[in-house]
Structure formats: structure tokens, C-alpha cells
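The chains carry the letters A, B, C, D and E, assigned in the order they are written, with residues numbered from 1 in each.
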Amino acid sequence: MTGTLPIKQAATGVALILAIAAPWLLSAYDLNLLARFLALSLTAMGLVLIWGEGGILSLGQGVFFGLGGYALAMHLKLAGLAEGELPDFMIWSGTEALPWWWSLVKSPFAAVAAVLVVPTALGALMAWAIFRRRIGGVYFALITQALALAFATLLVSQQGLTGGFNGLTDYQTLFGFNLNLPSTTLALYFITLALVVAGLLGLRWLLASRYGKLLRASRDGANRMRFLGYDPTPYKVIAFAVAALLTGMSGALFTLHAGVVSPALVGVVPSIEMVIWAAIGGRNSLIGAIAGALLVNFAKDKISTAMPEVWLYGLGALFIAAVTILPQGLAGLFGPDHPFRPGKAGDLFARWRRERAKTASQPIAGEAAP
Amino acid sequence: MTVPMLQLENVVVDFDGFKAIDDLSLTIESGSMTVVIGPNGAGKSTMCDSIIGRVRPASGRVLFHGAEIQAESEHAIVGRGICRKFQTPGVLVALSVIDNLAIAATRDRNWWACFSRKGEAEARARAEEILEQIGLTDRRDTLAGNLSHGEKQWLEIGMVVATDAELLLLDEPTAGMGASESSQTATLVRSLLGKHAVLVIDHDIDFVSQLGGHVVVLHQGRLLREGTLEQIRADEEVAAIYLGRAK
Amino acid sequence: MDAAFLFGQLFNGFSVASLYILAALGLALSFGLMRVINMAHGEILMVGSYLAYLTILFVPGPMGIIVAMLVAFLGAGMLGGLLEVTLVSKLTSRPLDTLLATWGVSLILQQAARDLFGATGVSVTAPAWLDGGFALGPLQLPTIRLFILLLAALILGGLAALLRYTRIGLLVRAVNQDRATAAAMGVNVRQVDAFIFALGAGVAGVGGVVLALLGPVTPTVGQGYIVTAFLVVILGGLGSVVGTTLAALMIGLFMALSQIFVDVSFAQVLTLIFVILFLQFRPQGVIAVRSRALDAE
Amino acid sequence: GKSESGNATAAAGGDAIKVGILHSLSGTMAISEDTVKNSTQLAIDEINAAGGVLGKQIAAVTEDGASDPAIFAQKANKLVSDDGVATVFGGWTSASRKAMLPVFEKTGNLLWYPVQFEGNECSPNIMYSGAQPNQQTLPAYDWAKEKGYKNFFLVGSDYVYPRTANLIVKKHLEKDGLKLAGEEYQPLGGTEFSGVIGKIKAARPDIIFNTLNGDSNVAFFKQMAAAGLTPKVIPVMSFSIGEQEAQAMGPALVEGSYAAWNYFQTLDGDANAKFIKAYKAKFGEDKVLTDPMVHGYVDVYVWKAAVEKAGSTDPAKVRAAAVMLDAVDTPLGKVNFVKNNSLVQTAYIGEADPKGQFKILWTSKGAIQPEPYDPLAFPGKTCSIG
Amino acid sequence: MTDLMNLRSVSAAYGKGQVLWDVAFDLKAGDAITVLGRNGVGKTTLIRTIMGQLAASGGHIYWHGDEITEMRPHQRSRIGIGFVPQGRHIFPHLTVRENLEVGLSALARKGFEGPRAVPEMVFDLFPKLTQIAGRKAGVLSGGEQQQLAIGRALAGQPQLLLLDEPTEGIQPNIVQQIEDALRRVRTELNVAILIVEQNLDFAWSFADRYLVMQRGRIVKEGRTAQDSADTVAHLVHV
């Protein structure tokens, strides 16, 4: 363990330097991808918190992703309009007046506040309602999956209010900055990077604190905690709310970089893909989560370009490999008992010797006790 | 007259028509020692369950310092100063032995307190102390989930003690322990008296005799006998249903 | 709104419920036994549908559909068994991981179906004896829907009896509760797992045939039912057969009746919310099983 | 075919004109979009074989939009910024088009969109060759009205095209004093129609306007038939069922129902016969041809003509030239783009026959001028380009 | 005559932490051996390794001279090893009778089948089980569950019975019943018994051989008839 730490830190440092230099190293397109995927890594980190540490598998992170994304996108749609004008989709959907909750995000500050508050508050509320009733494990996973489906269906079916299946797209300005200018794009990249680093450090601190221990304790000892005088619910609620916050931010940033938010990003399938980022990276490793989000998404982009039919096979195989071969994800390769350690090889060898010994020496009947 | 520390008043616990506790009344005074014995299935564990909020009485009241607690949430009851060791040991499997103890020893168990450092050093110190007492020093950093059955038993006793609760409920603390460990436990339990009230459930009569204290015999959810161990041992009926030759 | 419409919707509720029963039973079995959520279950339905399509190509005529059900039962069952032996059995006691791994399988199966049959849906024509309907007062009940209802009831009854009265049923329940101990008592737990998984998959295969009668057969046909099927399972509580049935009925009726007032999309949203709220009040599901374990959550 | 995906066609040397083809090759939309990709590729191959454009070969870069609008935007960006294509042919769902629109506006590039859609959009950077509502929905409505149908039931998939098309239909029903029997939407890909059918039975409409998309249609027609409601009992006018869909669903299912398009495979004309022959030769005799495929094919030829007229592949010049071209003969008949970037084209109504082909029942009086904004439903809105 | 079972330098580990080291001993039919040792020395681990619930990381286990080191638990059960786990592990949602019927699986040759009737001997040894045959095992008290767990293992008619602290948490008079029953099992059915027991007096009076474990190793073994219990007490309680 001690031996591997400096290597890890050095690698992290190099990665950070590369990330800072990226705008000068990458093509505009690849930089845009990097920015998007860094934004996604916030979601993956949130999953490390709730799934890896809290044992809560959420298959509905798309909901929070979407809340963050839509909150910002609504503002962006309004920002491009003259006074009294309606967003284009409302016109062709026959909506006649701007719904009140749209006008809430008219100011960019309100929009940023909404990005931060709405997913967090909803996450907290939902987690409280569910964990209070002591629902967990697979149940929780499936309920959140249903929520993701419900959310996506709702977005689609309320086209006049949400833009429906198309989602919201075509943004022009944020805080008065023209989103189409390269300088804005660059600034947004660095903001994203800064938020990822901040998220990483913040979560590190949180997990190292006593809170982290109590969260782990509530993972499989919720009842025991109760009988020690602790209410396990708040720890899970906090974890879930923090993850929702990160995911909401992730959604908002992604929306900015991608230029679109739509139900296709929030439903059942994207929500599960979010989990796979964390699983591939390592569900207990924050750095792993970032790496996982970047790797899976870059792979998806590159592979699906080259061979679209192969991508689904690849993704499927990734899921299977992630849990069978690498249950600790990529981070597991560098952890304290990674498979490349000589000790393991020794064990394999021992087994081989045993196999041999077995065939060689059948015991003689009635062999005396030693 | 002062109110007793804990009072069960006509408590009934009903499992789909089966009365595991049937109109049971019992009083425990501060600092006292109560030993509960009785056949398997007599309702001893269920009685603890009803005190600690794990099952809810169908009727009757549980009073702690005069306040009704039978409807409170589990952690709130513990917060009032009652803590319990379970018959099947329950520890926080994902944490190390010392963390288990430290969490139990922490005084402020509100969730917001976990972000502050206050009281942490104190809890740690107390945890180390108890670690000594329960003889798990060389297991300090082992994950509690990896302990053997008996070690878990010890750890759980340690955790209960660490909470410093006013009333400790120990459900079969010596199950799976040998004779000398049992007497160590007895010593530990006796040292708690005065400051804590202790209720012990056990089937090991040697252990019970080392504890001293007031003995209560439960049978079919009801209180069958009460008295000193001598009186109980002399009782024909208890012998028939419970002690057998062991008396 | 007239009475005929209302009764029509009630009937539709039962009819939809019967679909969910067929889709969810297999899940409930494997969930109850292994605490495993098989995300590839939807694709097993899909395989059933395609098997129906293929069978009917070879065995046209009125009895084709019956043959198709047998083929689908066996084919899907074999696939389920294979999946269990090669993947799920490697992940026992890690239910959340199984969920992810089987999701991977589902992606692969979907793409394989796409490569084999094309992304275009294929279609199975119901035999003539399933055409038409029965008039019941002002109601016209499609024969095909009645047939599915009956089929679901038969399968339910059969499974319940199997679990209740046969030795394998007993072993299934034992393994369900404590695998390590069951193994130590001489129960070949892996065989039991594989059996139940295969059985559940077989039922799903029959479900797939039924779906093929009602709609298109596409590589994603299972996806449309799977989330709701999961809800049925958790609403049913601990994978019990009775619970699953009741839950399917609740969901089916809720969905059908809410459509009196709102459109399909919104009815779906309402149904999901209804289930979540219901679990708020009865987290153990419709049928709760008690246990004394300290950390049985 | 896998071979032409990803990178520029091998045939094209260094001095080729790169164009992008961007369709869903995976995901739910792949079934439809793949065929458009094929016909687009066919046009490119034909042009290359005939000597190319401005003396250069065309090299197609194919990308997969994976049925996900965000990926469409991402890949459009890649084609334009990274690959430097001169133009892009692609898109099917309006969602994908909407997601790509900002990319094309920002980069000044040009997208050729081949599918009928809901109108209400008019970007200088998109060439809309698919029907506007007044070239498909409204002609069908007028036809139904003329046949004496008075009570309309609207069934659609739950997304923008059906909802907006129906909004327009409703305005016209209102104006004409006809009756709206009901309006129901099914989530995309949804297959459980018992509730909708219950409502149809209760409402007893004269005709159903069906804007369901994709596989939902199979379920809809099957369950309608099971409930005794065949197209003979209640006529159905479909807007997204073409030859390919009819074939896939099993022609028997849709036999006798109506469809409105700007192209049917059964259309007369040499250009069509030639196209059908060429397509089948390349992709298989069993293949059928549909309206969007033809638009995807025609788009390439129009682009070529515009490039040659402009003498440049610069998107702005090409667009300016494209809307000034004379009508050319295509499998669709004579068509040309006009200032609002949309195609002047003829509307047809067909009735599905037992083979999944359509018998043409009605033809609009000449080609219809495209109108992105229906004056009745969206008064005062006009296209601002050109 | 062949030995019933031989262990040859068996070791076992949980993950990387080795718990058993070079354990070796032999058992003959009808033997009664008690394994003694303080908490955490590896007694349960030994039993689980014999049962196959934990794979041996080294060494060999023989049954009637055939190696069974790699056998899976259900196979070991079917060749005649019966098991009463620590903490009882009855099937809580099955009735008492069904629990016993599961025990019959040990008599199956392959597949799922097995005889359907629970041998009378079980009810004979534990008359209480007859009364509560229809109740769900999960609601039984600890003592009842323990009797059930033993009965369940006996239903499979084992040649060797592994018992892990069978008297833990059992009321005194039932402890005596269990003791009596075990004696009868040994004498009347000639079943070998390997028992982990904290109650030294009982262990001594019941078994004819003992093994003392410390830190995963057997540090002393002998015959209860030759040594007095006190000679090992200091080894057991360190």
C-alpha cells in the first residue's frame, strides 16, 4: 500500500497538468469531448459516494442529471428571447403563456441556484422518504430506475412545457457571454475542470471524516446503528443529496458543452451507463470514477465511429468484465491487493502443486495417524 | 417515592396471534442487577426487543424514568440511555474493531455532529480502554466482519459498555464462551454496577451465580418466579421446566 | 363516459396484468431465490418472441402457436440456464453486481438480435382461432386477450403448485433462505439455481410468445415491459408468487383505469408514482415475510 | 455495410470533396435511417462513377448518431470541425435535427434533411427536403374532408411531429366545423394499446389519423384487428407508414389503410424506374423504396447541381445556388428548392395493397409550394431567410 | 479397517489471512472427538473446511481413503457428513417438517430427489419436534431451533456429525436432552461425532478424544480417559 501511494499521487499530478494543458494539446472537437466527459465524471464521483461507500445503487441518476441540465437549459432558452416572446417549442406545441416555473430561471443567478438546489433538494427528499422506510438494496435500485423512466416519460409527454422528446437546444448566451465564441468555450472548460477538482477534494474530505465511517457503517449495519443510538437515515440522505448535487452540476455542465439536453440523456439506459462509469473506474475510488467516465465515453466515441455495431457488444462486455474480472474497477489494478502482486502468483502455483500432489499420492488405506 | 428507572406495565407482544410476551410487568431500579432466565422461547429476547423498540407492544406501557418510550424510534430510545447486546452478535462489519468501539463511545449521536471533531479524542481514548478490557487489542484494526463468533460477542459487549448507557441489556453475553471467559465477563459486568443498571439474560447458571443479583424467571411470556438465585434453584417448577439436573 | 367503456377498461386492466405476470414471474423466482435481478430478463422475453416467429415460419397452421410456446419455453429456458451457469452463478451474494452484469448481457443479446433478424421488427400472425371476440353485453372481449389471461392463470397455478408441493419446490425455498446451509444439507444449490433460473426464463419465453401475438417482435421488445416487471416484483414482496400476482393486478388495473382520465404516457408516469408511494406505506411489498435476523432489511 | 463507415471511401483520392453522412446506425432509429444512408451512398456512388463533382470525387464520411440527439450534435460537430466536410446529409427525427441545428448555424455548414417533419423551423443552414405539413398532413386532411369524413380521431407517438401535426389538424377541424373524436399519444415504441382502443371504440370516429412512429404501428394494427376494428371498419390514414414499414409489419395487417407521402414506389416515371433498379441492384432485389430514402438520394443530386452552379463547395454559396435551381426530374417527379430552403413537391395518397405496396388514390394538383408555418395554426409566423 | 476420515496438513484462509495451519488428525467410525480452544482460534473454520464451505488452501482431506479436498459441500453431505452449524442456520420460512425434509437431500444420489419420509429416529430423539412439526422454524426459540438443526443433520443419516457449539444459548434441561440424544446417536447408530464445545465438562464427559487448538494449529491432542480436563484448561483459556 505505502509503496503504491507516491506513484498514485505522481500519476494524479501528471493527469492534472495534462488536463490544464489540454486546450493547447487537443483539437477543438476533442477538447469539447474532454470537457463533456469531465462534466460527466462528476456524476461518476457521486456514484462512488452513494454506491461504493454507501452501498446504495441508484439506477436513476439521470433524473438529477436532467434536473440540472434542464434548469440551466431553460434559462438559456429564455436568455435568447426578447421580452414577451415564448420559446420556439412552446409556440409549435400550442402553449400560450410562459408557465410560472419557467420564469423562475429568467435570471442567470437564479438558474445557477436552481442547478444547485433543485437536484439536491429533490434527492434529499426522495432519499429521506425511501430510507426512512428502510428500503434499500435491489429495491432501491429498481425504484430509482422506475423514477428515471417516469421522469423521462414525463418530460416527453409534457412537450408544451419541456420541449418533449426533442429536449431543449440552440443556446446563445450565458451571463451575457456568447456561447459560440472560442474564448467562452475555453473558460467553460476550465470551470468544468475546476469543479471536478473541487468535487474530488470535497468528497475526499467528506469520506475521510467521521461522516464517512458512519456512512460505511450504515451500509450494512443500519439496524446495529439504530441500536447504538444513531439514526442511519441522515447519513444516507446526505450521501444521496450530495451525489444528486454533483450529478445536477454534471448535467448542467454537460448541457453547456453539448448544446442540448433531452430526455434521451436522463432515462433508464443513460442512468445505467452512468453506473458503468463508476464500475469501470472502481466504485470505491474517486480518481477511478473520473478515469472511468473519461475512458468509457472516449471509447464509446471512438469505437462507435469506427464500428457502430460493435459498440453495443463492447459496452455489454464491459459491464460483464467490470463486475466479474475487475470488481474493484480499474482502481483495483492499483489497489493494495491488485492482481499483479507476486503473492497471488504464488497462490496459483500452490494450487497447481496441490493438483499434482492429488493425482500422485492417493492415501493408503488404514494409514496410521502421524 | 421516586419513579423507578425502567418499568414494564402489562406489556403484551403479539406475533400474529401468538403472545410471546403476555401481560408482563417488571421494574428495574437504577444501578441494579437483574438476571432473566427461562426456557428457550420464554420471551426473554422479545422482552428486550420491546424495551428497545425492536418490536412494538400490542398493549401495555414501557416507562423509562416515568416517560413512555414504547412508541419511540429505536435510536431515540437508545439516546435516552438504554443499550442492548443482541443474542446473535451484531457489529458494524464494514468498520474496524476500534472504529466500532469509537462509534459506540461517541456521546453526541446526532448526525450533524459527525462533521465536527468535538468529543472525538475522548471517544477514541475510551475505545482504546475498552479494547483492553475485552481483550481484542491484537484485533484492533481488523474489520469487525472478519472476527470469529466469540470475538464478535466480545466486541458487542464492549460496544454496549462503551455507550455508557444507564441501562444495559445483555442478551446471552456468554453464549459461545468458555468457563474462564464467562467469569471474565462476569467480572466486567459486576464492575459496571452502581453506575449502570444491567439486565442479563443467560442460560449458563454458573455465570448467573457469579453475577449475583435479582433473578427473574420467564415462562411462556409471563413472569414465573422472582427472587435470589438460591430461591430459584430450590423451586420445583423451575427445575422441571428449565434447570433439569443442572440445579 | 359510459359503463361499457369502464368495464372495458377493467377488462383491459386484467389483460395487461396477465402480461405483467408472464413477464415478471421469472424475475420473481430468481429474485426470491438468489436475490438476483436479471436485467437480461427482457431479452429473454425477446428471445421467446423470436422463437415464436421462427416456429411459425416452420409450423404454420392453427397449432403453430402452441408449438411455438413449447419451443419458446424450452429455448428460453435453456438460455436462462446457460446464463445462470456461466455468469449469474459466479456472482452469488453480489446482487447489485449481477444486476450490472446481466445488463451487459441484455445489451449483447439485443445487438445479436439486431444482427440476426435486422433492426426491423418482424411480425407473428395469430392463428384464426384467436381472432374475433366474445360479446359480453355491450363489451367485446378479444379472444386473444382472453387466451392470454387463461394462459397466465394456468402458468401461475402450475408454478405455485410446483413450489408448494414438489420436492424441488421445497429445495428451492430452502436455498432461497440459506444457501450455504442448504448445500451442507446435501442440496446441490447450483443445480437448484440453474433450474429455477431456467424455469423463470422458460416462463418468460412463453411471455415472449404472447407479446409477439400482440405487437411487433423487435430486438427491444422486452425493454418495454421490463421496468414495470421489476416494479411488479418489488411490489409483490420478496419474490412470492402470490405477491407477484397481486402486484401485477394492482399495476395493470391502475394503469388501465387511470387511462380513463389521462393519456397512456401520463398513465405510465402515474403508475410509477403510485408504486413508489405504495412502497412508502408498505415497504415490504404486498406480501411481507417476517424474519428475526438483526440485519434482515 | 461496415466497410464504408468511419472514414472516407477508399476510392476517393487525396483530392476529393468530403461530405458527411450522419444517421443512426445503432439504436431504435437505425432501422429507418440505415436505408436512407444507403440511398444517399447510392447517389454518391453514381455521381462518382459519372465523374464526380467539379471534376473531383466525392468522399463520404459516415457517422453514427446512435438514435441519441446529443450524439447527433457531437458527431455533426466532428464532421464539420474535425473532418472538414463540405456538407452533411442526415438526420431523421426532429430531435436529432434540432440538436444539430446550432452546430450548423455556428459553423456555417449545411445539413440536408430528408424526412417529412412538423415545419415551424427555418434555418439558413438546413435544406428541408422532406414534406412540410402543408405537403403531407393537410393534403390528407383535405382529402378526408372531401370524402365526407366528419369525426377525426388522432393517434400518435408522443413527440413533436405528431403533436404539432395534430395541432394543425385540430385548428383546421375547428375552422371547418368538423369533430375531434379524440387525441391520444403513446410513448415512442409503446405497444400496449388496449386503453387507446377502448377510447376509439367509445368515440366511434369516421377516420383515424395515425402519426405513430415505428414499431408501435404493428401493435396498434394488431390490437385494432383483435378488437374487430380493421381498416375496413374504421379507415386509418397513416403518416409514417411507408413501403418498408408495411413490409416489415406484415402487409396483411395494414391492407386497406391509407398513407400520405410525396413518394410511393409505385409512382410512374423513368427516373423512378431507374432509381429502383439501381437501388435493388446494389442492396438486394427484396428491398423496397420509401419516401425518405428518395429524399436522401435526391438531396445529393441537388447538392451536386448547386455546387456546379456555384462553382464552389462553400456552404453559403451552395445554399444560395440550390434555391435558384430549376426544377429537375427525380424519382419524386419534378422538384426544386425555394427560398425557404424547402422542396416544392407533389403530395400523394395511397392505399396499402396485400403486398405492402401502395395504390395511388389521389395526387395533388401539381407540386405544392412548401409552407413552414401553417397560417391558420401559427398566424403571423413566416420564414425569415432568403 | 479404513479410517472414516483423515486430515493431512490442512490449511485454510479467508482471503489473504491464513487461519488454519497444518491441521492433521484421523477419525474412525463411532469416534467422538471434541475440538477445544478459545474464541477465534479457528474451530469453526476447521469445521467449515471439513464441510467444504471453505476451500482448503492446502493439504488433503480423505474420506474412507478417497480424497475429498475439492468436493463441494453438498457432495460431502451426500457421502455421509452431517453438519450442525454454529448459530443453527435453520431455514426460517420453512416449517419444522420441511426443514427436516431438506435434510433428506443428503440421501440423494444426484439431482433433486431423495426420500420423502423423515426417519422416525429423529422424532424419537427429539420428541418436541413432533409437536411443532407444522410451525415455521423462524419463530422457534433458540433451543427448539438447535434441536431442529441436529435433527435435520441426522435426517440425512450421516456417518459423521459435525457440531459447532450445539449447546450455545440452550436452556440447561434441553442441553441435557441434547447431550442424551447425542450419546444415543453415537451408541445406537454408531455415528462418529466431531464437536466444538466451550462447555469443558460436557466435552470431557462426552468425547473420548480431544484436540486443543491455538491460533489455527492443533497444539495438543489426547484421550479424555487418560488426561484430566484440568490438564488442558490452561491451553483453552489463555
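Methods note: a residue touches a chain if its C-beta (ideal position, glycine included) is under 8 Å from a C-beta of that chain, and two chains touch if they have at least 3 such contacts.
Fair warning: this is a prediction, and the values are worked out from it, not measured in the lab.
Graph distance from subunit B to subunit E, where chains that touch are one step apart, equals 1. Set against the C-alpha centre of subunit A, every other chain centre is closer than that of E. Across A-C and C-E, it is A-C that has more C-beta pairs touching.
Of all chains, the one whose Cα centroid sits at the greatest distance from that of subunit C is B. Look at where the CA atoms of subunit D average out and do the same for subunit E: the two points lie 75 Å apart.
Taking each chain's centre as the average of its CA atoms, subunit B and subunit C sit 46 Å apart. We define each chain's centre as the mean of its Cα atoms; on that basis subunit A and subunit D are separated by 37 Å. Each of the following residues of subunit A touches two or more other chains: 153, 156-157, 220-221, 223-224, 309, 312.
Shared contact sites, meaning residues of subunit B that touch two or more other chains, fall at 15, 86, 88, 90.
Looking at subunit C, one finds that residues 111, 114, 263, 265, 268, 290, 293-295 touch two or more other chains. Within the complex formed with subunit C, the subunit E residues making contact are 51-53, 72-74, 76-78, 83, 85, 89-94, 98-99, 101-108, 110-114, 116, 138-139, 152-153, 156.
Put simply, subunit C touches subunit D in their complex at residues 1-2, 4-5, 8-9, 12, 15-16, 19, 111, 114, 118-123, 125-126, 130-133, 140, 142-145, 211, 213-216, 218, 220-221, 223-224, 255-256, 259, 263-265, 267-268. Within the complex formed with subunit D, the residues of subunit A that make contact are 27-30, 32-33, 36, 88-89, 91-94, 153, 156-157, 159, 164-167, 169-171, 180, 258-262, 264-265, 301, 304-309, 311-312. Only residues 15, 18, 38-42, 87-88, 139, 146-151, 153-154, 172, 175-181, 203, 205, 241-246 of subunit B touch subunit E when the two sit together in their complex. For subunit D in complex with subunit C, the residues that touch the partner chain are 26, 28, 30-31, 34, 158, 184-187, 189-192, 194-196, 198-199, 201-202, 215, 217-219, 222-223, 225-228, 244, 248-250, 252-253.
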